[in-house]
Each structure stands twice: as C-alpha cells, then as structure tokens.
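Chain naming follows the written order as A, B, C and D, and within any one chain the residues start at number 1.
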Amino acid sequence: MQEGRPLTPTEVNRDLLRPILETPKWFWPAIAVCGVILLIAAVTVGYMINRGLGITNLNRPVVWGFFITNFVFWIGISHAGVMLSAILRLAKAEWRRPATRAAEVLTIFSLMTAMTMPIIHTGRPWRILYWAFPYDFARGIWPNVRTPLIWDPSAILTYLTSSTLFVVIALVPDFAVLRDRTTGISHQIYSLLSLGWQGNPRQWKLQVIAGVLLSALILPVFVSVHSIVSWDFGMAVAVKSWHSTIFAPYFVVGAVHSGVSAVAFVLILLRWAYGWQAYIRHEHIDALGRLLVVVATGWFYFFVMEVIFGIYGREADEIAVRALQFTIWPISAWTFIFVVTTYFIPVALWLSRSARRNLWIMSIACISVNIGMWLERFLIIVPGLANRQVFTFTWNMYSPSIPEIIIVTATFALVTMLMLLFSRVFPLIPLYDIKEGEILKTEIQIGRRVVPATYRED
Amino acid sequence: MAKRPLLGLFNNANSAADAGDALKGAGISENDYDFLTDAPYPEGAFGEREEKHRLYLFPFIGAILGLTSGIMITSMTQIAYPMVTGGKPILSLPPMAVICYEGTMLGAILFTCLGIIFESRLPKPKLGLYDNRITEGFIGVLVNTDESQHGQVEDLMNRSGAIEVKGET
Amino acid sequence: MAEHSTSHFPADTWVFPQSNQVVNEVMERTTKKSKVFVALLLISLTLLALGIIGFVIRLTGQGLSDYSSWGYYMAAFSFVFMITSSAPLVAVAFRFTKSHWRRPLSRVSELFAIVGVFNILLFIPMVIVLPSIANPDFVPGAHGELAARRAIWLGSSGVPVGAPGLWNILSLAGLAITSLGILWLSLMPDLAQSKHAVSGFRRALYGALSGRWYGTKRQWIQQKTGLCLLGGFYFMLVVFVHFVIVSDYAMSLIAGWKDSILPPLYTIIAFQNTLGLLLIILFVLRKWGGYREYIGMSLFWSASKIMLGLSLLWTYHLFAFFMTFWYGRLEVESSILRYLMFESYSVIFWTNVLFSFFFPFALMVWNPIRKTAWGPALAGLSALVGGFLFSIRIFVGSFNAGDIYALALSKVPPPVFPDIWDVFMVLGLIGVPLLVYLISIKLLPVMSIWEIKEGSMYQKMDKLFRGEYLVVAKPE
Amino acid sequence: MVSSRVDHKWGMVVDLDRCTGCQACVVACQAENNLPINDKAAFLQKRAFEWIRIERYWEGEYPNVKARFIPIMCQHCSNAPCEPVCPVYATYQSDEGLNVQIYNRCIGARYCINNCPYQVRFFNFWHPTWPASFENYLNPDVTARSRGITEKCTFCVQRLRRGELKVERTEGGRLNDQNMAERNFMPACSQACPTNALTFGDQMDKSAKIGPYFDDVNAHDIHHEHDRTTRSYLLLEELGTKPNVIYLKKIDQYPLGEN
C-alpha cells in the first residue's frame, strides 16, 4: 500500500510546471506586498547610510545588535538545503525527492540575504570592497586573513557558489522538459539552458553520480560555514560568554535545527499554494518531523554543555553574564521563551505521529522553532556584550530602534519574494527525481500485508 | 555511405528494451543506438552497455589547484605587508588553514561541475533528431545507421512495438 | 541480463540466509569448538594474569592515596569503557534508522552489555583514587589557590553529597542495567526458538532467559517498543556518562582547563572506536567464524561510510577546540595547548591524529576499499590505536598536571612514561573485556536470529526490465 | 612609518597612590585630540567618548566609605586582542609599541571594540560636531574622525612625532623624559596630571623613570606576581595581553575598619 496514488509522467509535468506555464492569480499581489516592504527598507537603509549608525540603538558596549543577530539567523536557515538534499541523498532516503530543490533554493536565497546584513551593519558600507576582496594594490595592503571576518566571506562565497552550481546542474534535465513545453522566446531561453539535453543513459548516469558526489563535497563546506560564523564570536577573548570551544558544533546543529524546520514550513506552504498534495505528502512532513526530533535533541545537548561549562569556570564575570541571561528581567523572560519554543514545544509535538501528520501543527512547531532560534542568537550576542566584564562603568543594555526592526523584517520579505520569483521560472520540485521515484516504486507481499518497497541500484 | 539517425518511440520500457535486443541481434553496434528517457532508469534497465567515465578525477585536480591558490593568497598577502597584529606570527598557520580549506573545497566543486558537463558530452549545440513526447514518459530509441539499413531497423522497431518511427525531415 | 547487477557488485554483497536454516546454523557455530577461539581465550587469560600482577604491585607500592601514579590505569579503563559503553548503541541507532545492513551487526554489539557489568568493578579503584573536589589544605587568601577545584558538581553550598564518586558509580551501573535490558529483550525470541537446538546447560540457560516467549503479535510489539524506549534512554545515558567521566577524570584535574567541547570530542571518538571494533569482530566472524553467508559485503560498505563520517567529525571537533584556544591565547589556554598537544605529549598527539584521522580517512575515502571486508576492518584497527593514544594523552596528562587546586596551569608539566607495572595493568584492562566477550559469544548466539529472518523477509533481488536489482521494503 | 629613526617602545606608569580622580587628564585629552563634546545627549545614548576615563569605585559601606579611582586609557597591548580581528588591518602594532588605528582604512565593523577587554575603543555613531565658537580651538595636528569609524587613545602620537622631528632630526638628540617634560612632547594626560600620577616614557631609554617598573614586570610574569619588588601590576594580566601600561598599587595608610 504505497502512500499516494501512482503518477504518470504527463501528470507530473502538468502539475509541477503549472506555476511556470500559467501564473496563479495571487502571485503578483504577493510580489507587490513584498516589494513595498523592501522599498520601505531600502529607504531606511539609505537614510542610515546617509546619517550614520546613530539612528540605530547600538551603543557602547553593545556595538553588535539586531543586524548581526539576523545575519546569523539567515546563515542558519541556509543550512537546511545541504542538510536535507546531501545527507538524505547519501542515505538514499526515498522521501527526500520532493524536498531537495526547495531546500537548496532556500539555502541560496537565505545566504544572499544574510550577506547583506554585515554590509549594512558596517560604519562605512561603501568601503567594504577592500574588506572581502583583495583589491587595494595601491597601498599593497590586502585583507587580514587572520580575522574571522575574512574567513566568513571566503566560506560563505564558497558555500553560495557550490550550492548554486548544485541546483543548476540538477535543473538541466528539467530545463529540457520546459524546452519541450514552451514556445517562442521562453522556448529559446530554456533550450539554451538545457544545453541540448537528450536524456540518454550516459547523461542520466552522470546526473545521478553528480547528485551524490556534489552532496559529499558540499557537506564539509556546509559544516565549515556556520563554524566560521560561530568563530566570529568564539575567537573573542574579551567577551567571556562567547569564548567557548563548543561554539562551532553548537551553532552548526542549531542552524540545521532551524533550517530543516524552515524547509518543512516552506514545503507545507508550497503544497497549499500550488496544490501539490500528490507530491508533498504527509509521509514527507512526517519523516521531516522525525528527523527534527533527533536534530533538536542533539542541539539541546550542545546547548546544555555550553551553559554548564559557562558556569564551570566559576569566574565572576562569566557568572554575571549567565545571571543576566537566566535570572534578570526581562532577558530571563526571553531566555525562557527561547528554550521553550526551540525545544520543548516542538519536540513534544513531533513525538506524536498524528501531530507530525497534521500540517497545521507542523507549521506551528516549525515557526516556533525559528522564533526560538532567532532569540537564541540574540541572547548569545547581546547579553555577552551588554554585561561588560570587570569595568563596571561600561555596562549597558540594548533594545532595537524602529529602523533596525524595519530592516530585519524586510529580510523576510526579500527571501519570500526571491523564492516566489524562482518558482515562477523554474520548477521548485525536481521533476525527474519524482519520475525516478515512480519508476523504482514496487511492493513486497508478505502474507496478506503488502509492504511498499523500492528498487535499489546499490 | 552517410550514417543518418532514426528515432523510434515506445510507450513502455519493456518494448524499448526488446527493440534494443533486436537491434543488437541485427548486428548494429552498441555505439550506434541510444535510449532517450525522461528519468534516470536504473543502470542496465535496457540491457545497454555500461557507460565508462573519469568523473572522479576532476575533484582531485580541482582540490589540488584550489589548495595551491589558497596557500598562495594567504601566505603572500601576509608577506606582502608584514604587519604584526596581536603578537601573532606573520604567517599564522591556523587561520591560513581555514581559508586554504575553503579554497580546496571550492576548487574541487567547480571542477566536479565542469567534469559533469564535460563527461555527459554537453553542451550540444544542435539537439538533432528528437521528439517532445520523450519528456512525457515515452522512450525514444535513437539509431544511427547507414540509410540502407533504415528499412530493416524501422520494421525491427515496429515489430518490437514502436508507436512511431521517424527520421530526419 | 541477470549478471548485470552482479557485474559491478561482488556476489556476496547482499546475503539472504535461508530462514528455516538460520537457527540450526547459528547454534551449530555457537557450540562448535574452534582452535582460534581457544587461542584467544588463552591470550586473554594471560593478559588478565599480567593485569592482576601489575595491579597488586601498584596497590602495594604507591597505594591508592597518590592518584598521579594511576594515570595509565585510568587511560586504559577509559579506553575500554568508552568502547564497551557505546557498543550497544550501534545496534540501537541502526534499529532506529531501520537500516537492513545492520542485522548481522546488532547482536555482536549488544553482547557488550555483559562486558559493561565488569566495567563497574574495574572503575572502583578510580573512585577511591580521585582527589576530593574541595581543597583539603586551603588557607583563605592564599595566592592563586581555590577553595574547591573546578568541577561540574556545583552545589548551592559546596559540593553535593556523594559527588563525584557515588554518582559516577551509579551512572555506570545505570548503563550496565539498561544495556542488559536491551540485550535480554533482543535475545528472548532467539533463545526461545533455539533452545531445542542446543543441549545441556545452554538449554537450561536459554529456557530460563527466554521465559514465556511464544512470539505472539502482542509480544513482538511489546518487544519492539521496549527496545525502542530502552534504546532512547540508553543513548541519553551514555552521552551523559561520557560527559561526567571525562570532566571529572580529565578536565577538572588540570588547573584552569575550561573546555566545553571535550565531552562531545570524547563521545565521538568513543563511537568511532566502537564501530571500528565491531567491524574487526565482524571481519573475524566472517573469515574464521563461519558466518560468511550471514555477513554480506554491504554491511562493511555502509558501515565504512559512517566510519569515514565519524573520523571527519572527530577531527572537526578537535580543530574547533584548537582554534579557539590558539586564537584566544589566554595564559592558561596556551599552556594547556603546549601541554596536551605541542610540547609534553606532542608525539602522542600527532600519532593520535595520524591513527584517528589520516589512516581511516585515507582508506575509507576510496569506494573500492569501502566495498571490501579488510579495508573497513583495517580502518577500525587504526581507529582503535588512535583512540587508545587519545585516552593516554587526555587522562595520563590530567593525572599528572601538578597542583589541581591552582587557578591556572602555571608551568607546562613534563610527560609521564609508563613503567612495567603500568604496561601490565593496561594489558590486564584489555584482557578482562576480551575474556568476558569471548565467553559470552560462546554462551549466546552472536547473530540476531530474529532480525536476520526479518531481514530476508523484507529484501530480495528482483528484475526490472532487463536488469536485476535489490528490492528493499521499509515497514513502518 | 618613518625610517632611520631612534628606536622607541613607549610605555606609561599609572600610580594609583597619587591619583586624586580630578579628571584633569580627561579634559586635557578631550582638548588635545579633538574629541566631540560629551553633551547630555551623548551620555543618554551611551555613546560618550572618553579616550581616558576615571573609573570610581566605592569601598566599604556608607558612612564608612572610601573612593577609589582608576584612570583607564588604551593599554597599547603587545598582544592586543583587538588587532588580529580587524579585517582590513586598520589597527596593528607599530614598531614603537603603540597600538595604532588607521582611520582611513577603518570600515567600522566594530569587532575590535567587542574584543577589547579594557573597553577603550570608541565608535563614531554620528558625524562629530562642535559649536561654532569651538571651531578655532580644534587641534590642527589631529584629524577629526568622520562618522562610521573606530577611534582610541594614541598616546598623543602627534606630540611624539613632533618631538622626534625636533629633537632627533634637527637637534640629533634622543627623545627622553627630560626634554619631553620641558617641551611638552609627552601625552596630554600625563602633562596635565597635577599629582604626576601618569608617568610617560620610553622603555628603551635606560634613564627613563618608568624603566624599573617595566623591568620588574618583565622579570616576574603573572605566576610570580608576588615576587615583584615594586607595586607594579597590569590590568587583567591573566588575559596575557601584555599591556604597555603599568599600574602601581595604592598604599592605604588607614585601611577601612581600623579607624
């Protein structure tokens, strides 16, 4: 008894290409809404660049605030893509099929969004050219490779390039499908993109190998990216609560946690928006939920380690930071919300099968995880800075200003808009992957029970 | 005599595979016919020959190139303007290691992608004989033989259940 | 083209034993006397004897009051403990993921539960040896002295009751009990159906253990849920105990060492070593134990990928630790780096990295080698050596790091080399689990009969068009 | 950097026994280095500029209390945590032992501010402004920093440079305690200090007053602190930042509780 009815290739083409071949009527309004938000944000950024960072509420000692928090958050989301497509590909999990591309595309766009954050956060954004790129030949001064702020661009650009290529390579066969379904100018564009794909055994074999090989190659990059982001904090000796050896794996697991939840939510949205009930089925969301229980628990382990060894040292200044995080109002309230929304609420829900198969509950759980993870980054960055160590004259708290809130909100609109535009021109679910799944599907009869099975090439 | 292509369309994989066997029986070399599908059928599903490739070389070459460029850019930028920061050595290896690592991976991945394109013989400037129905689940058997054999090939395919056989128009 | 699929896979990649043969075959192999086995038994006994000699002499010599002379004992114990404690997890983990290739492996790993019981005995000396957390000769206002050394035991007023010794023993006992529970649950069906195939005390034993197992649907469901729950609980317990042991017996014995990544690092190398050991055992069983048609090549193939992953993961955690300390350059950090990595224990450290990362990686990165049986086993061996060196570096280092109640490591202590009695004790500590394990695989079936049968129910080779492929079913 | 020059390694000794917390150094620093006026708004925004600040601590319980003062300026660490984290080399260790900030390189990523344990780096959130009447009081030797960059104490490097040009180039001597004192080549804070609590000098100059203290600190590191013959100590010494500013402990004739 396979879940979901068998699908003919014609159906697959018709359903999955629908958003491309005919535009849904809610599409342009949605784009317009995002556009307006982005416009407001753009104006705010312009004003900020013109007047200076004074219009934020950053102060001394809290010189890193909402922007950096948001940067870490989006980098975190970007870890969904590889986590799903690569690991599940390597694990040959059948249920990956509809999820992979959406995840990878989310990776790309959230990475792009994340990169804007540190740029507008700098005091002189127009000067960042010689930050990330070795260009300043005139004075012979190149970027300082000793700083995490240079490791960041190198890792993020590597990750962005590789995941983009990952998606593009996997898109070629789907371009061929579009080439055969379109006419006129778009036909020419798609046939150009499809590179004259025929679909002979050799091409398919390499396509399949490419999936596995690239996954294996991107995995180490994906781990390195968030580790390096965590080292932006871990390398700082002056901020006691940041200088912790566990930060790298702690951040990576957290990123996977928030990222996979985000993907699950995006899948639910797609299913609802494009009517892909036959493709994104309950079993997929269910499997994601089960995976998330493991990821969340791993994350919780690292979180506990980080806190325990924070107080392990029994150093007054570090204890002070922990006290601020856990006992002093209002930060303590935020910490409570963060722990509950990141771990206890979602995991409690994910433990029950019926909850995992209820899309509403799943959406709530996934959103709650991401609220929590956003707070986590904020609660790592700001209290560490606010509660300056020994010099009591420089203690101070921080709360965001209106411009900061506007800009942070706009990043969500940006990602949404990019995803929508992508879905308008490229299929968000890999057609050939679904078709392959249909070909390999089979069943094993055991007594009266028919168990779903699949053919495996290995 | 010039070889010209002939495309047979089948609506199920078995008959396509039959056609393949028939062609092999008729003594047409395996390099002269090909199965066009809309999805990766498991290898050998049509009893076709196993495709050889050297894709695994590419990542290694790329990795080596990436590593060298990483080492060069990190060491040279530090030597070019030796400024002491935080009492760290001018050539601080651990930070260099991070960037060299990224360089290595980037090189490996770039070359892999090139390798995939190259090994799957893409891009093809001209698509050649093709049929849109292939991306709708039909299976095309593309034969490339002397025109003299076309008649024979055509009825071989028809006998193994081709719903249409067409040549270049 | 049936030979197609076999063309690029060796014939014994997947093996599906005959369900009706399994019981007899396994029992026949379990009861049969083999020279290899006797030889191993003798070796383990000699090792045990040496160990006892070494232990007695150390006990009468330095005694238990001076903890620093027990460094090598602790190192060897930690090595044995980290492997045997995480061994049952392998079975648990792959039952969770419903991987079919795990089936021959699960019992081999679960049997380590019996070894786990003896860990408690071996651990008792360490509990006595460990210096108290509170500084015995503490004078208020003394320069750079702490009232109590840093430890995870933070009571509201001083140190909680019984910490750490009592709690460590309790957690080890918890581990042993839980893993025995897992073993028993998974043994029940096998013993019930194989008690008629054996005679003598084995039959009595099987009868007693299998209890009232008839294999009703209800019993199967209960057994599966039980395994699931115990497994989950055991997993959390293992991670916690690793954290306790490594922070009590390593981190808090080096003044000023605050390193939150050490527990994960320890747990990961433990998993890597366990998998390595299991692969070696499976290799032996396959080659000399007569289980060739039970242990397919696909097992080694899949396991070696995980081996590769774990090796990379360990190196990554190690680098994260090193990077933070190197960049931070606090006084204490740089001295700890110099002590454990680059000066005192530099040779051991580099060898450790060589064996824990480079060799396994260099082997496992090649797909052709992953598809062999010897490759993964070799990688496993190298991982074991690496893990042993890791234990020596961390625990011997911590047991000889000078004043443990100081604020920070003021100077880098010299390395400590083992004397002959240390060597004896180490050998003995390796002999004990070996002996216990050998006995237990003679007593109990080393293959999980019911899982093997289940496996051949859900997998088969089948034709699709012209090719023949593996068909895998994943029941909910 | 100027070549063919006498080698220097600047340093300062702060005698807490002499400091009265009068804040003269703070004012002098503000005037010398073109710091924007710390008006009410600046303090309310928590964005005041104090290249040198006097930290005041209360010891004991009211009414039986004593005020303690510590002047804190950039410690010009030899292993400065702020330096390696700058992506554009905008701050580095000069060969005179100064921790220098290159204003026109700085992009304002503010990592250095986070990573300074002494909190002596300041970010220009706004473009600095002065009342019209102040325009002519600005020091022509010191650039006014634009918005969006980080700034900090320079040990009044402009005065040191002038001193080098005068004494070492034109008169061919060596810049030392004496001619610094006579011709005001020392930092403004130590010049302004009425009790001479801030002594500035050259560690490479054997005759310098600060010499013995630095020798003492160099001879006995943090683990042998109690072997030190002088009252010297370093701020947050356990961080291993190797500051070039030495503090001298206060000698309390009448400790609390005894009277």
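Convention: a contact is a pair of C-beta atoms (placed from the backbone, for glycine too) under 8 Å apart; a residue touches a chain by one contact, two chains touch by 3 or more.
Computed from a predicted model, the values in this text were never measured in an experiment.
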item	value
Intersection of the contact lists for chain B and chain C	A, D
Chain pair that, of all pairs, has the most C-beta pairs in contact	A-B
Where chain A and chain B are represented by their mean Cα positions, the distance between them in whole Å	30
Distance from the mean Cα position of chain C to that of chain A, given in whole angstrom	35
Interchain centroid distance [CA atoms averaged], chain A/chain D, Å	45
Inter-centroid spacing, chain D versus chain C (mean Cα positions, whole Å)	56
Contacts with two or more other chains, residues of chain D listed in rising order	79, 81, 84-86, 89, 239
Residues of chain B engaged with two or more neighbouring chains	41-43, 46, 81, 85-88, 92, 98
Multi-chain contact sites of chain C, meaning residues that touch two or more partners	323, 327, 329-330, 464, 469
Chain contact graph, described as a line, ring, star, complete graph or other shape	complete
Complex contacts: residues of chain D adjacent to chain C	79, 84, 222-223, 225-226, 238-240
Chain B partner contacts - residues on chain D that touch it in the complex	78-86, 89, 91-93, 242
Chain C residues touching chain A - in the complex, by the definition given at the top	9, 97, 146, 150-152, 154, 239, 243, 247, 258-264, 305, 312, 316-317, 320-321, 323-325, 327-330, 457-458, 460, 462, 464, 469-475
Residue ranges of chain B touching chain C (in the complex, touch as defined)	13-14, 17, 20, 41-47, 50, 86-87, 94, 98
Touching residues (chain side chain C, partner chain B) in the complex	1, 4-5, 7-8, 322-323, 326-327, 329, 464-467, 469
